[in-house]
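Here chain A shows up in two complexes: once beside chain B, once beside chain C.
Presenting the complex of A and B:
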């Protein structure tokens, strides 16, 4: 741990929190650290947070926290502007990290739009584009995955952005973390679980509570989708079901892999 | 070694005697499996369990352990003095006792003695229990089917009695205080031999007994077999999570939400983790799952021998049960069985 220099008055790092296409649940979840919220806010100058204040976004800031997927040209411009101004960009939540739920519309956006809005989408929708994660538009320094985020993980990442960290994000997948909880395996009773290919780091909370992993932490870059399909098939499941389940939080990544002709 | 005989009905009072002074950790049923867990009464214990999902290692090398606490603003460090809880690991199989012996030889290395492990180990009594092998067990092939040192008491069921091997004075005193302890009779000795014979014959014959495993590991280092394992490895570390002898860890700092105080923690890590061999500058000297799986098998079946004179793998079979894609030392033994066979292609 590096020695932390406390900011003197007026020099606290300025943090902005930008909400894009999302349910705002990750922002709400930050407030759920309740007892510690003031301690966290005491370390920063929270210069813009639409959820809590109608003050407009300032021109200058140090850290940009971005929730939500980029689904419009306007959002892309906001993200680019944030990247230019901030020394550090943190993407929070599945939507910002993987495209998440909005990402499901990435494949054939026009058809989705037509089904919802008919011939023309209302102006308020903005200039729609196929949803992508923040990292598809600008470089992202830190990512807090999951739907919703673990707010304490957010605080750890914010600390890392402010003070540095000796933590290395792992790309191993969830099964191993789940085994530590010693709760057995969903595949044993024929229940599909995406822990086979989903990034670890959440502590396998859902499986520990009796729910299979739905992949909200996103497909690991080292996820072995082909082997996972084999496991699903061997456990008596249709591979198509596995693929559909995986697409919920990974539609963008899977489409990109298909384009590359990859096997994943 | 000293041997005594107790009745099966004596076990509850033995456990109760331990509970007076120790937290008792024992195998209990959870879902479709078994786990080592603190117990409040003898009735919770499943003494005839086949295996547990993960090993009892977690009580000596916790998945996350604070090494010290710090104040990041003052740049001050506080030695961490967690009160180590006196515990009894009750009902540990021979493979796991050998696994704990292996961990002991790592963490007691005089060059780098580990005070954290040793504090836990020093406060822990071990009561072993004989077992019958299940599908994935191959401790007999890893020289781990018997616990020689490494326990305070070891119970082997002989009908409605237990032959108790006594490994420590503390164990003997608690045993004698709690149970009606008898000298073994000729009948007990015959029953014991019958029990060991039955166990010996119960190992899964489909797991091949291979000689010269360490040399074979070297001889077939470049074989395409490792690529086959690597192609199907999920990079999940389930093998390491359940293994009684994986002891690798990462070190990381965790700041409290206030950003002032924090803890330096060690957390389990594993050579199957993609970033395990990444060094400063970002170079990863085992970048593929093939290299990582092979490395894991080497350490388990070959590498540990050089410094500790025994195989690190104790043949508990947990990784074989945990791995969704059938990667385990058993597959390595089967590979060697195929190599050099008359009908091999």
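Presenting the complex of A and C:
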């Protein structure tokens, strides 16, 4: 359940933005709403944002916005410390929300590291651990999905975190949203698309532009992976290909589901 | 014995995480490190076994700001393996996509990251009060880059439409014409930016290493050539031979591999400054003129001049984009942008582009099913770190000799780091 948090009386709520392992694209996308950026920033005390300012991280803050997956023990400690200090934690982007692309290395991390770095990764990389979403380490109050995030969706979520909102997260699968774009279906020409199991809310941007869904918004709670595998097989696609494609952004969730007996 | 320790954790206003460690003992610099403290990101391993159609989509995630460059570079590597020749129209669209990321990157770097150094601010936000018009126009230029990437690639970051052989979607002629007009309207601000950065004081140092850039006869290429040039070394090589020409090596204090030229053993800088040095004659007329007026003409080896070189490229890119958009609107390029047919086959290919921050190489080996069996990525920032450290050392030594204190030296080193426009997250992949 989303918790509604209210900013401290009389003062602008203090917000920090923390970047973990990521491409920084979600942070950049926040700066990409140029026309609104200063309006948004005018309502909050943006106390720490290493990408844009040399001010150090303060000891106390209201909201922690976290980008990136947790891939080191140091990152896990950072996230825990942020959780202790913040009244509200917002995970932004696929990496923070699902483990995202970094999650592809979760299975047999040591082998992945050895292939890039040989015997030992440089000490600068920190103490590596299998990548997980932020919610695997601490409680997360709000999530902004997708790779990259839609910055306007971020503003809506920030607004909900600060002032409350009765808007619920989208839970349905992408196919419904895509159908309304009236662009046809990839399955008709035997092209694999992950809209069947992916959370809606992005407007089905990729299918609308001729690219199948890659599942960056994460698995929908309404999605039925087993049924989707069946549909893929019926449409002439290998189930192995379906699983492989789904693991691009959802490796961590799929591995967890397998451990629970493959009921997804 | 006196020792000064300069230590900056997580240098601000750069992409990614880096620490500066400099130790000066009795007037001599004994330690000088740009520590890239980025967690391992393992892209070169994660793409193994993946099919060619997914690989550019994954590689895009190496970097949020130059995602367009990573996609185009990966596509070029795959197309080299398959022997795909794309249409002129597709080439033009890819150039537009790469230029879109130049506008995004240079406007962000110059105004959000670098300018506060020279204006005495900790961030760009005080500019909203101090000089609202400057901030508004700077953000406007960045927005234009976003719009270009969105219209051509489908969104401002991590393009959707660029695939092997072409594009899955294209905008109509009216939108190209509107973009061309927006490019024209931004010109005066880009020209003024060159003057602004020219007027900022910087220390006079000469970079230690060589300069590397893509070259082509009579052109200022960004994604249409396969030839790289070491400007000082005075030799060229094919991108396909990048592993024979450039050596990557590991150091404990950096999650990124450092690089040096194998023939000379020298570090090098690859950036807008290297491109301007390598292809000055092919800059658009206005860009060349305003660069000359700002005192930027080859040979220019002061790494701080990379800021001015980026501003000059803003002028150049706006000019080129306006022309490309008008030609696309008038249907002057041969062929369509829809993906051309191709046959999957095994082989090895190197994709090469000039990303906003410098030369970017992607090496891919694919098997007969089009799945990756080996991948190697060399980003501009990873290539630059060894040279940046050499320049940091030189700067520190000069300032110590001139009697500056530790705080002043720290500020100037931070400025130098930002002048390189590093993407530290990208450098670890």
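Some observations on this one:
The working rule: the second predicted complex is superposed on the first by the 253 of 264 C-alpha atoms of A that agree within 3 Å, B and C clash if a C-alpha of one lies under 4 Å from a C-alpha of the other, contacts with A are read in each partner's own complex, and residues count from 1 in each chain.
Just so we're on the same page, contacts are C-beta pairs under 8 Å (C-beta built on N, C-alpha and C of every residue); 3 or more make two chains touch, one makes a residue touch a chain.
Computed from a predicted model, the values in this text were never measured in an experiment.
After superposition on chain A, the partners chain B and chain C are seen to fit next to each other with no clash. Legend: residue contacts after superposition of the two complexes on their common chain; A:122 is shown touching chain C, with no touch to chain B. In the superposition on chain A, A:187 makes contact with chain B only, while chain C stays out of contact range. If you stand at the C-alpha centre of chain A, chain B and chain C are 110 degrees apart, rounded to the nearest 10. Once both complexes are placed on a shared chain A, the shortest Cα to Cα gap between chain B and chain C comes to 13 Å. In the superposition on chain A, none of the residues of chain A is touched both by chain B in one structure and by chain C in the other.
Within the complex formed with chain A, the residues of chain B that make contact are 30-33, 35, 52-54, 58, 63, 70, 72-73, 75, 231-242, 250-255, 257-260, 262, 264, 268, 270, 272-275, 278, 289, 322, 324-325.
Those residues of chain A that touch chain B in the shared complex are 1-4, 6, 33, 36, 39-40, 42-43, 152, 155-156, 159, 162-163, 165-180, 182-185, 187-189, 195-197, 200, 220, 222-224, 227-228, 230-231. Put simply, chain C touches chain A in their complex at residues 10, 12-17, 35-42, 44-46, 48, 50-51, 54, 57-58, 61-65, 67, 108, 112-113, 122-125, 128, 139-140, 142-143, 146, 154-158, 160-161, 163, 168-169, 250-255, 423, 425-426, 428. Considering their complex, residues 19-29, 31-32, 34-35, 37-38, 41, 46, 49-55, 71-72, 75, 100-102, 104-105, 111-113, 115-118, 121-126, 128, 147-148, 205-206, 209-211, 214, 244-245, 248 of chain A touch chain C.
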